[in-house]
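The following block contains the structure, expressed as C-alpha cells.
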Amino acid sequence: MQRIGDKPTTRRWLIGTGVALSLLFLLLPLVAIFAQAFAEGIGLFWENLSDEYTLAAIGLTLFIAVLTIPINLVFGVFLAWLVTRFEFPGRRLLQTLIDIPFAVSPVVAGLVYLLLYGRTGWIGGWLDGHDIQLMFAWPGIVLVTLFVTCPFVARELIPLMQAQGAREEEAAVTLGASGFTIFRRVTLPNIKWALLYGVILTNARAVGEFGAVSVVSGSIRGETNTLPLHVELLYQDYNTVGAFTAAALLALIALFTLAAKAGLEWRAARREEFR
Amino acid sequence: ADRELLNSSYDIARELFATINPEFIDWWQEQQDESVDVKQSHGGSSKQARAILQGLKADVVTFNQVTDVDVLAEAGLVAEDWQQQFPNNASPYYSTTAFLVREGNPNGIESWDDLIEDDVEIVFPNPKTSGNGRYTYLAAWGYADRELDGDEEKIREFMKQFLNNVKVFDTGGRGATTTFVERNIGDVLISFESEVNNIRKEYGEDDYDVVVPPVSILAEFPVAVVEQYAERNDNLDLAKGYLDYLYTEEAQRLLAGFNYRVNDETVQQEFADQFPKTELLRVEDVFGGWNEVMDQHFAGGGILDQLQRR
Amino acid sequence: MSSTTLFARAASKRVLPGFGLSLGVVLLYVSLILLLPMTSLIGELSQLSLAEYWAIISEERVVASYTITILAAAIAAIVNAVFGLLMAWVLVRYDFPGKRLLDALMDLPFALPTAVAGITLATMYSSSGFMGRLLAPLGIEVAYTWVGIALAMAFTSIPFVVRTVQPVLEDLPVEIDEAALTLGASDGLAFRRVILPLLWPALVTGTGLAFVRSLGEFGAVIFIAGNMPYETEITSLMIFVKLQEYDYAGASAIASVVLAVSLLLLLALNLWQGHFVKRLHGGKS
Amino acid sequence: MSIRLTNISKTFGKTTALYPLDLDIAEGELVGLLGPSGSGKTTLLRIIAGLEQADRGAQAGRIHAGRIHFGARDVTNVHVRDRRIGFVFQHYALFRHMSVFDNVAFGLTALPRRDRPSSGEIRTRVHRLLEMVQLETFANRYPAQLSGGQQQRVSLARALALKPDVLLLDEPFGALDAKVRQELRRWLRHLHDELGFTSVFVTHDQEEALELSDRVVVMSNGRIEQIDEPDTLYRAPANRFVFEFLGDVNRLEGEVRNGILTCGDARLAVDLPNGHQELLMRPHELRLTINPSETTHLPAIVTAIAPVGAEIRVELEADWLPSPWLATLRHADFERLDIRRGQRLYIELRRWHRFDKDPASHAGFALAS
Amino acid sequence: MSIRLTNISKTFGKTTALYPLDLDIAEGELVGLLGPSGSGKTTLLRIIAGLEQADRGAQAGRIHAGRIHFGARDVTNVHVRDRRIGFVFQHYALFRHMSVFDNVAFGLTALPRRDRPSSGEIRTRVHRLLEMVQLETFANRYPAQLSGGQQQRVSLARALALKPDVLLLDEPFGALDAKVRQELRRWLRHLHDELGFTSVFVTHDQEEALELSDRVVVMSNGRIEQIDEPDTLYRAPANRFVFEFLGDVNRLEGEVRNGILTCGDARLAVDLPNGHQELLMRPHELRLTINPSETTHLPAIVTAIAPVGAEIRVELEADWLPSPWLATLRHADFERLDIRRGQRLYIELRRWHRFDKDPASHAGFALAS
C-alpha cells in the first residue's frame, strides 16, 4: 500500500517530533505534580492525604460526581434521542444551546448562578425567605457542576446516533416493540460505549471543576470544600506539599479517566475489527 | 456538639483559627457548660464578604479589611456601629506591612525610598484583587505623603517608580509569596508583618531577613457578628462570645504567636522584642477613610490605574 | 403557547416513541439549567445604561486585557493547530510502540483540573523551575510573560484540534492518497493540495474551539500570567477584579463581551462548516 | 390480506414525493414497485407500513384524506406497531449486537407478557423459522459474521416471526451480488407461494421486478405509470416511459411520406400517416441480413460484438443513426451470417413500437417472425 | 505499451493473495480480470500499478523475485509516481474539494515546473479531455454535484490527463446502476479503441468481462484459471470453475451403466463409460418437450415462469433433482408449448459438459439444434 508520508525518513521525523513534543508538554507536567507531592517523602504525602479535611473534600467531590453524572446522563440521552430521531422546528437551535457551557467561562457560569439563586437574586430571595439554601451548600455545587458538564454525554451520543440512523429502531417498531423496549434492547446496546465515554468525560469535569464551584461553594472546610478548592486552599496556606498531594490525587483520577477511555476505545476498535 | 458556629475568614488564616478554635471550644465549655463546634470558611476576604451577601450563613466574620465588613453593614447584615461593639475599633489584633528580603539584605533595603531604586525588583499582590496589596500601596503612599509634604505631583512620581519596580502582580498574598520564595523572583516581598515572619519561619530563617520600615501603615483585622444570620441561627450569644474570646489574654497570646500585634499589655510585653517600634499611619488620618480610598485610588480609572498606565 | 401546539401537531404521528417525553425533559432541563441562569446576566446588565456599559467595556485597562487575551489565545490556537495536526497525523497514519499511550495522553488537559494545571505549569516554567532553568540561558522567559499565558492556554486546549482532526483523517480513504500518487504528485504536494484541504473544516473548527476555550480560561492562566497591568492581565482577571469590588454589573458587562465573542465565533464556525460540508457532500450548485 | 390505498399522497416540505394515487393489491399477491431513483417507491412502501404518514386532507390542499385498508380493516390511523406487517429493510437493519437467534426472536420476546409464548415455544418457533430460511446452524452467529445474503434471510425470518398479514420489502436484494441476488430472488418467490401472505417489494431493477412479481407497479416522479403483469407490461407498455424503462431501446426518427419513412439514406416502408415519426425497437426485435429487403433499407456497420450467454450482442452504427443501435442474436444466426467487426449489414425490423404524446397510446407493428 | 509480469506473487501476512503467476498483455489490448471476491484481482491490478509491492524472492521463499515490464522497461522497482499509469478507482476517489476542472488538471499542475505546461495549455488540454468524456459543461461543478456515472467519467479523464502508457481500472462500474453501467461500458470500449492505450480492468461481473474485454483473465483463489477471448472462454472453459463462474448451470448426477445414465426415474442415453458421472448444462442448452424422446427421459414440473426481455425463464423441479433447474426459452417456443405453472414436461439436452478431476479436461456433447 502506498500512502503519503510513508517514506521512512518522513515517518521517523514526524513520529519523533510528535512524541518529543507530547512528552514535553503533556507528560512532564504530570511528572512534576507527583514529584512535588513526594518532594518531602512518602510519609508527609500520607499524612497530608489522611488529613480530616482532605478526606472530607474527597468525599464531597465524589458525592457531587455521583449526583451529577446520572442526571446529565439521563438528560444527554433524552437530548440525543430527540435531536437524532425527530425533525421539529428549533432542532438546530437546541443543538447550539447545549454548547453554551463551552462558551461561558466557568467563573461567569458560577456568577450567573449566584446572581439567580443568591440571597439578592430573584429566586434566591424567595428561597431565602423560605429558609432554603442552595448557594454555599452542596446543592449549589451540584447545580453549577450540572451546568458545566451538561454537554458531554449528548455531544458523544449525537454524532454516533446520527451516523447509526434510526433503521434498527424502526425495525423494532415494526416488530411491535414498545418505546422502553426499543431503548433498552436496541438503542442502548448500540450506544453503550459512547455513553460510557460521555460519562467518563462528565466525571472528569465534575471532579475537576474549579472556577464555577469556587464562586458558589463558600469553601466551608469539611462541608462545601471540594478537592480542587482544597488544593487552592492548601496552596494559599503555604502547604505546598499538601496542595500537590491533593493535586496528585486529582491527577490520579485524571489518569484513571484516560485509562478507562483508552480501554473503551480499544475494546470498541476490537469489536469493529471483529465485524 | 450542641451548637455550631460558622466563622468566615480570609484565606491565610487557616492555621491561625485551627489553633484558636479548640481553645475557644474548651473555654466556652467551661464558661457556659455547652459543647459547641466552630466551622471555618476561608477565601479572599472580599470574596468571603460577597458570599455572605449572597447568603453564606456565617455567624461571625474575621477579615483583613475594614471595607469588607462595611459592605456587610451597608447591606444590613452587620450592625452599623460594628466598630463600636468591640474594643479597638473591633480589631482584636493588627499588623502592618513589612519587607522580606534575601539573606543579608544585599540591596540594603531599610525603608520605602529604598524601593524606588532602579535596580530593585518588588513583589507584592495586586491591589485590585488583594487587601494585602492595597495596604502595601497605601503604606507607600502614606510614606511618600509624609516625606514629600503632600506634594501630589511628586507623590505620584514616587508611586509610579514604586509600581514600576513591581516584577509580578499576583492575585493574592500567597501567590506573591510563591513567586518570591519558590520562583526566586524579586529582591523584596512586601506583605503583612505577620505573613513575612511566618514565611521566614516556614522557608528558612537563614535565607531571608525581615525588615520593618520605620514608617508604615496600620492594618486592622476587623471582626463582627453577622447579626442577621447569627440571630437566625440562634447563635447571637455564641458569636459574641467567640469574638470576646479573641480579646482574652489567652487568645491574644496565641495571636501574637502567629506574629500579629495585639493590644493586651501583658502579652505586648512578653513579645516586645518580636515587634520593632514603628510609626503606624492610619488610613482615616492620611486618606480620610476607606470610602475615599476606594473611590479615588482603586476604582476603575482611579489613581492606581492612572499610575500604571504606560 | 402556540409553539407547544406546533410541536404537538408535528409530533402527533411519529413512528418512534418518546417525542413528547424527550421534548418535555429536554426543554425543562435546558430552561432550568442553561437559560434561566443566563437571564440573570441580562438582568444585571439591564441595570446599566448604554453609556455606563460602554464606559466599563471600553476602559483602557480592560481594552488592554482584550488585546492580550485575544493575542495569546490566537497564538495558543495556532500552536495547537500545528501541533494538533501533527499529532493527529502521527496517531492515524503510523504505527509505533507506545502509540496507544500517546493517544490516551492527548486527553490529559481535559481530564486534569485547570487549577492543578495552572500551579504545575507555573512551578515548572518559573525561573527556578525545571523548564525555566533550561530556557533561561536561551533568554526565553515563559512565566509571568505573555508566553506563559499562551502556554497555559495552549495546554488546556490541546485536545480540541487533535480530536476533531483525527476522525476526519481516519475516514479519508486510502484511494485519495493513491489517486494523488498515481497522478505523479510528490508527498508534499499531495499533502498540501489534497489532504490538507479535506482536513480544513475539521482543522478550522478545532482551532476555533481551542480559541474560544482559551478566551475564557482563568484557572490555568492566572498562576503563570504575572498579571502586570496593561501587559499580562487577561480579561477573565478583569471580571474577577470587578467581582472583588462587588461590581456585579461591571463583571457581567465584561463577561457579556467575552460571551458574545465566543458565541458569535461558534455560530460563525457552524455556519461556515455547514456551507463547506454542503459543497463536499452535495446540494445544488 | 388484501391492501387498498385510496387517494394517498405525500409531500416532504416542498417536494412532492407522491401525487394522489390509488392502489389495490389482492390477497396473496406478490407485487413489485419498480421505478427509477426518487420516484417514490420507498415512500409508498413506508406509508403502507405506517412508518410514514400520508398527507392529511388539509395539508394536501384536498378535502378527503387518503385511506389505507388491510382487508376490511381501516388502518389509516393505526400505528406501525399494530398494523401486523413484516418489514424487510434494504440494508437489513439487523440488531448488530444480537445473535441471529435473538434477532429472529425479538418480535416474540417484545410481546406484552400475557401474549408472549413461553421461552420453550419461542425457541421452537425461531428454530422453525431459521430452518425455513436455511440458517439453522447459524443461530448463534452475529450479523457481522454472515454474508449479505445470509443477513437478508435473517432479516426475512425476523419479519416473519410474528406471522404478519403483509410482508413489505424495500430493495431486499439491492445490496447483494448478482449471483446471490438471483438465488435469493427465486427462494423468496417460493417462500411467498408456500406461505401465501401478501407481499409488496421495492426494486429499481427491471429484471428483478419482472422475474419476481405477480404484478408490477411502475412508478416515476411520484406517480404510478402502469400496473400490470410482467408479460403484459413488457408486451404492452402503457407509455413511452414504461417502454424505455423496461429494457434497451433502439430509436429511429424520420419523415414519413406516402408510407415510406426516410432518415438519411435509411428507408423503411411503414403504414403511418405523413409527418415526423419516431419508432422504438428492442434489441431482439432487430434482424440482421446480408442484403436489404424490398421494404426495408437500413444499412449499418458492426462496431462491437460481445457474446453473452445464449446471445450475442452486436452494436451497430450508421451515418443516419445519432446513437448506436444494439441487436441481440442467437449463436446460430450469428454464425450463419459470419459477422465480424467492421462488416456492413442490413437491419430488418421484426416489430416496432410507437407512442403518441397521449400517455395511454401504444401502437405496435409486428412482422411475422 | 505491452505489460509483462513474470513470477509475480503476493502474501499479506499469512494469507496468500497471489500464487506465483505470469501474465502477458499485448500493446493496445483491453484485458479484464474476472473472478469471485477475494480471488486476488485487485491485488494483481495494484501490483501492476505499483500501489502494491509484489513479494521479493526471499519473502516468497523463492530465489528469483518477480518482475514487471512495461514494454522493454523494467518497472519492478519504479515508484507509482513514475510508472506512467492511469488508475481509475472503484469509488472514483475524486478530490471532493476540487471542481471537475481542477480534478482533471491535477496531474498536469503537479508536474515539476520545467515539465509543466503553461496554464493556458493546461486549460486547453483539460477542456479537450472533458469534451472527450462529454462533460464540457460540468467543468465548474464539484464531484458531489455529479451522478455516479459522471463522476466515473471525470475520474477517467483525470487518469488520462497525463497520457499514461497503461490504463488500470478497478471495478470501474461496480458502484453504478445497471443501466448506467451498460452505457459506460460501451463508451469505455470505444474510448479504448480510439486512443489505443493498453488497459486492464477488474470486475466480478461475468457479463461485463465478456462484453468489454479483448481477453479475459479468470482468477480464483490467487491463481489464474484461464486466459482467453470471451467467445473461447464461454465455449471452451478450461475447467469446471470457469464453466460455473461464467453463467447459470444445471447439474445432473447419476450412475452410468451400458450407455444409460440413471438418476431416480430420470434416464438419459450417454456415450460414457460405466460409473458415477456428472453432467453440466447451461439454461439455454435445455429444450422442453411435451413427450419424452427415445434417448432421453427427464420428466419435470414447471414451478416458476418469468419473462425477461427476449427470453422466458422457466424453473423446473423433479424428484430426481436435488436443486431446481433453470431453462431459458424464446417467446415463440414458450407459446407453442403453452407452458403454465404446475405443468409436467420433458427436458431434452441440446448439449452438455463434463469435467474430470484433471483441471484441464473439458468434454462436451452437443446435439444438432
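Per-chain residue numbering starts at 1, and chain names A, B, C, D and E are given in the order in which the chains are listed.
We take it that a contact is a pair of C-beta atoms (placed from the backbone, for glycine too) under 8 Å apart; a residue touches a chain by one contact, two chains touch by 3 or more.
Remember, predicted model here, so these are calculated numbers, not experimental data.
Identification of common neighbours of subunit C and subunit D yields A, E.
Traced through touching neighbours, the fewest hops from subunit A to subunit E number 1. A centroid comparison over C-alpha atoms places B as the chain most distant from subunit E. Of all chain pairs, the one linked by the most C-beta contacts is A-C. Our note on geometry: subunit B versus subunit E, Cα centroid distance of 91 Å, whole angstroms. The distance from the centre of subunit D to the centre of subunit E, with each centre set as the mean of the Cα atoms, comes to 25 Å. Centroids of subunit B and subunit C (each the mean of its C-alpha atoms) stand 39 Å apart. Chain centres here are Cα means. That of subunit A falls 16 Å from that of subunit C. Multi-chain contact residues of subunit E (touching two or more other chains) are listed as 51, 80.
Across the assembly, subunit A contributes 1-2, 121, 170, 173, 178, 235 as residues in contact with two or more other chains.
Each of residues 15, 123, 178, 180-181, 190, 240, 243 in subunit C touches at least two other chains. Every pair of chains meeting the contact definition is listed here: A-B, A-C, A-D, A-E, B-C, C-D, C-E, D-E.
The part of subunit A that touches subunit D in the complex is made up of residues 167-168, 170-178, 181, 185-186, 189-190, 274-275. Chain contact summary for the complex, subunit B toward subunit A: residues 6, 11-12, 14-15, 39-43, 51, 53-57, 172-174, 177-178, 182, 198-199, 202.
Taken together, the subunit C residues at the contact with subunit D in this complex read 13, 15. Against subunit A, the residues of subunit D that register as touching in their complex are 49, 51, 80-82, 85-87, 89, 91, 93-98, 106-107, 110-111, 144, 158-159, 161-162.
Interface of subunit C with subunit A (complex): residues 3, 6-7, 10-11, 14-19, 21-23, 25-26, 29-30, 33-41, 43-44, 83, 86-87, 89-91, 93-94, 96, 98, 100-117, 119-121, 123-124, 130-131, 154-155, 158, 174, 177-178, 180-181, 187, 190-191, 195, 209, 212-213, 215-219, 236, 239-240, 243, 248, 251-252, 255, 258-259, 262-263, 266-267, 270.
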